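Note that the chains are named A, B, C and D in the order they appear, and that numbering of residues resets to 1 at the start of each chain.
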Amino acid sequence: MSVLAALDVGLACVVFAVAAWTVFASGAFAATVGYVVYGLLLSLVWIRLFAVDVALTEAAIGSGVTGVLLIGAAARLRGAEATPPEEGPSGSTRLVAACLCVLVAAALAAVVLLLPDQGPTLAPQAMERLPETGLGNPVTAVLIAYRSFDTVLEKVVLVLAVVGVWSLAADRYWGGAPGEARAEPPEPTLAFFAQVLAPVGILVGVHVFWVGADEPGGAFQGGAILAAMWMILMMARLTEAPQSNAIRLRLALVAGPVVFLAAGVAGVAVAGGFFAYPAGFEKPVILFIEAFMVLSIAVTLPMLVAGPPRREPRR
Amino acid sequence: MTSATLAGLVGAALVGLGLYGVIVDPQPLRKILAFNLIGSGVFLVFGIVARKGAAAGLQSDPVPQAMVITGIVVAFAASALAVALTLRLFEQTGRATVRPDVEAEAPGAGADSE
Amino acid sequence: MSDGGSVIAETAGGSLLPLAVLVPAAGMLISFLLGGRRAERIALGLMPVQFGVSMAIAGFVWRSGEPLVYVLGGYLPPLGIALRADGFSAVMLVTASLIMPAAGLYARANFATPPGATERRGPLVVWALMQAVQAALSLIFLGGDLFNLYVALELLTFAAVPLVCLDGSPETLAAALRYLMFALFGALFYLLGAALLYGAYGTLDIVLLSQRVRAEPAVWVAAGLMTAGLLAKTALFPLHLWLPPAHANAPAAASAVLSGLVVKGSFFLIVRLWFNVLQSLPTAVPGTVLAALGSAAILAGSALALRQERLKLMIAYSTVAQIGYLFLMFPLASGPWAPEAFSGGVMQTISHAFGKAAMFLSAGLIAESLGHDQIAGLGGAGRAMPVTFLALGLGGLSLMGLPPSGGFAAKWLLMKASIEAGQWVWALVMLGGGLLAGGYLYRALAPALSGERPIMKRAPKRGSEVVALALALAAVVLAFAPPAFFAFLQIGRPAASVALR
Amino acid sequence: MSLILNVFSVAAIGAGVFFFLAGTVGLLRFPDPLSRLHALTKADNLGLGLIVLGLLPRTESLLAALMLVAVWALVQLAGATASQLVGRAVRRKGPAA
């Protein structure tokens, strides 16, 4: 037990040290790499908190996909690296900011220490109603049944984010594909890697989604893995990024929230209320909705990483 | 001190650290990183709340866990939008900063664009 | 009122509540899917539906005299999520469902897609995001769960930020990025407070929390974090820096929505937080702090508005000032004058929404017609485009608090309450703010009415002028709100506990 | 039997951890990118391999054991690809990069 405690303390220190590195490192690129490491370490903390679903999400999205996004941005911003020193705030501003931040952190730490060891919980209620959802994983039940309204709106947020990112395109590129057209040939090593990895990754992604009904995993984590596979295929240029005006792309982007919304409204007719599931058919309906959510996540995340359209549309 | 409380203290420290980065660092990309630090600190606070709600045979209250999963996805979407804005700004101006004194007072601005 | 008892499952008309969110959300998704001209048709076609749903909700609240409740999926809080509509929610819903179509009709002039044309960037983004703003606002007004409201806040951010930088110029991009940063800060701190509340009480349902919350350290820290976050999103002084460039450089229709409605969303949540969730806390000190910041906002915002050279920036700074008035209701929240103060605050919220939307639309018309919006170059423009300037002036009445206007009714109620409460200083601030508002409006309007002949690029569009004027008239008509309207605003206001303080 | 397996697990995992440690030290201390890569791939390859080997006797099902081996194989694949790409970038831009 004490070994574990020592490991916990060590992990906490390393997490904090790497986080400090991302704030204080001199180069933006180095800081970004530090952030990716930080995200992976953080998923270990989540495992120590017995939140495996969160650990998977943090590793796949918080560290993985976000990492690709930020490293790509850092690489493109390298020209802006040399920020003149006078742009930074003055020493006194830094001091005031530091005091403020220490104050906030201290207040928060005090509250954390004051929280009772056995806190209030909804775990019993969540377990009590778990059988009627037909699911075995209570986290999935919260996401897709008890608090499905949060989840469906969060899917809408993802679609909005795509609209927002695309809105930054130049007018002439609207409808075109994201990413610049590149002339150099694809990297053979990367292409080989993608060819070998993608089938395995797709299998893993579908597996993580499928077991998510009863074990740690689910639509977000599985979808993120599928998204990563698509991103690798695009990076290896085995497949082209789709045009942003392609109806099939848009269909895939909105399928998750639209099917979820439609099922929620259909609940009025078949189950007596918005977002209620018909008795006896809960699990198949939930898996049906989740399948579309996986599709949408798998398409949305790469589109958000790819950025606004940067090529003229082919008509 | 339990490992949950420890994680909570790390969360508190991360919020402070991230807030410092957000206020002090002039580069938007570094600010985005710092926002993500605050975000993960907030999620860790949810995490200890979940862990302290272990009951009914569960090691951790599933409701805050689900909220964190939702939060991580939203945080990614926010990062994506912020990165896209930063890159577009950099493309157009060759610099990337959101200094408050660079006021938007371009001549002729204000008319609707098409 | 559901204060005393446990959670109510559903009231008559409750099933309208999810519709108010789902209709615009589905509209946004379908608009994005189909794209082009169909996006515009869907957006405009659903606006009357939204108005109908909002009016029906208001009707049910009116008839029952009680808040409407709907529990989603049959999962009662604390496990599940409830939506609730009280008088304030209903009024805000109706306000939003009136201003959105006005902005939509105005936007049609600039963002129409001709038949047969391929999809263009501006129109698709505008029509999709306008519906998203509507969905986010509906959820904010109806949400009964603090985490669900976090999702609503993020929804609002993602809908509003891209509207700011629609023209893609560097200054709007910088403004949008700064807006996004403040919004992210706000949402994260709000979420952090919610985490602490869940840790202390095991629920995020507003009614359940309001029964359980006690004055203890975790609650104070949570309240401080959430309020700070929401203030950043509401742009209360000194966290207002992002607002003027963002609101002043967006397309006029978007500015009207951003300034009139979007900042009211996070303000609404501050009211929810302090009047509902934290109703059992002593509010004298935090209320005074909020009102002091509000006073500073009134004076600083008005003074800055006086110094602006561009009309749209002046109007944006006046938003900073008018937001300040909203916070004067907080120190007056307990005592016999509380209903008056609450009505005044709500009245200020809606009259500013109408008045400011009218002013931004007018300013947009002026900028289009003259090719610029420099105040120094407005000479004689009032004669060339009288309807536009009439809308601008009538909207301005509310800012100054002159009768007849909703702004007058609001400031009168707030002033009465603060005098009854013996808190004179707020009344003085309001008088000063009104004088300053008169100053900056005079500075813009007086030269416009001179005999100069302005150089007009083109005449303002008649339809757009009518829209702006209708909004301005709505702000005026609010002055004649009957007592029954104020009684309606009080429905669901947790008054029972106020007497305990 | 279980004692032998436990000793085997501890020994294999201990050796794996040692390789990770050595690889990390190499990553930090070696002078140029190529030798750093060398250190890193040792950690990936041998370190992770030994840890997986040590964990194999402790798995509850054949599927779990297969998954562990798959993790190792995928890391091999990713590590080899990444080293190739980094190596090529070094050659293109010169060792100073």
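Please note the rule applied: a residue touches a chain if its C-beta (ideal position, glycine included) is under 8 Å from a C-beta of that chain, and two chains touch if they have at least 3 such contacts.
The shown structure was predicted, so the numbers you read here are calculated from the model rather than taken from an experiment.
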- By Cα-centroid distance to the whole-protein Cα centroid, the innermost chain is B
- Message: Contact counts by the stated rule: is the higher one at A-B or A-D?
- Response: A-B
- Geometric centre distance via CA averages, chain B-chain A, whole Å: 13
- Query: How far is the middle of chain A from the middle of chain D, if each middle is the mean of its Cα atoms, in Å?
  - Reply: 27
- Note on the structure: Expressed in whole Å, how far the mean CA point of chain C lies from that of chain D is 56
- Task: Starting from the mean Cα coordinates of chain B and chain D, work out the distance between those two points in Å.
- Result: 32
- Item | chain A, residues touching no fewer than two other chains | 104, 108, 115, 119-122, 126, 146-147, 150, 154, 157, 160-161, 164, 168
- Could you list the positions in chain C whose residues touch two or more of the other chains? 79, 122, 147, 151, 154, 158, 161-162, 165-166, 168, 173, 192, 196, 199, 202
- What chain-chain pairs meet the touch criterion? A-B, A-C, A-D, B-C
- Query: Across the complex, what residues on chain A touch chain D?
  - Reply: 187, 189-190, 192-193, 196-197, 200
- Query: Given the complex with chain B, which residues does chain C contribute to the contact?
  - Reply: 79, 110, 122, 147, 150-151, 154, 157-158, 161-162, 165-178, 180-181, 184-185, 188, 191-192, 195-196, 198-199, 202, 241, 245, 248-249, 251-252, 310-313, 363-364, 367-368, 371-373
- Query: For the complex, which residues does chain D have touching chain A?
  - Reply: 70, 74, 77-78, 81, 84-85, 88
- Message: If we count contacts the way the header does, which residues on chain B are in touch with chain C in the complex?
- Response: 15, 22, 28, 31, 35, 38-39, 41-42, 45-46, 48-49, 52-53, 63-64, 67, 70-71, 74, 77-78, 81-82, 85-86, 88-89, 92-93, 97-98, 100, 102-114
- chain A - residues contacting chain C, complex: 104, 107-108, 110-111, 114-115, 119-122, 125-126, 129, 145-150, 153-154, 156-157, 159-161, 163-164, 166-171, 174-175, 245, 247, 250-251, 253-254, 257-258, 261, 264-265, 267-268, 271-277, 315
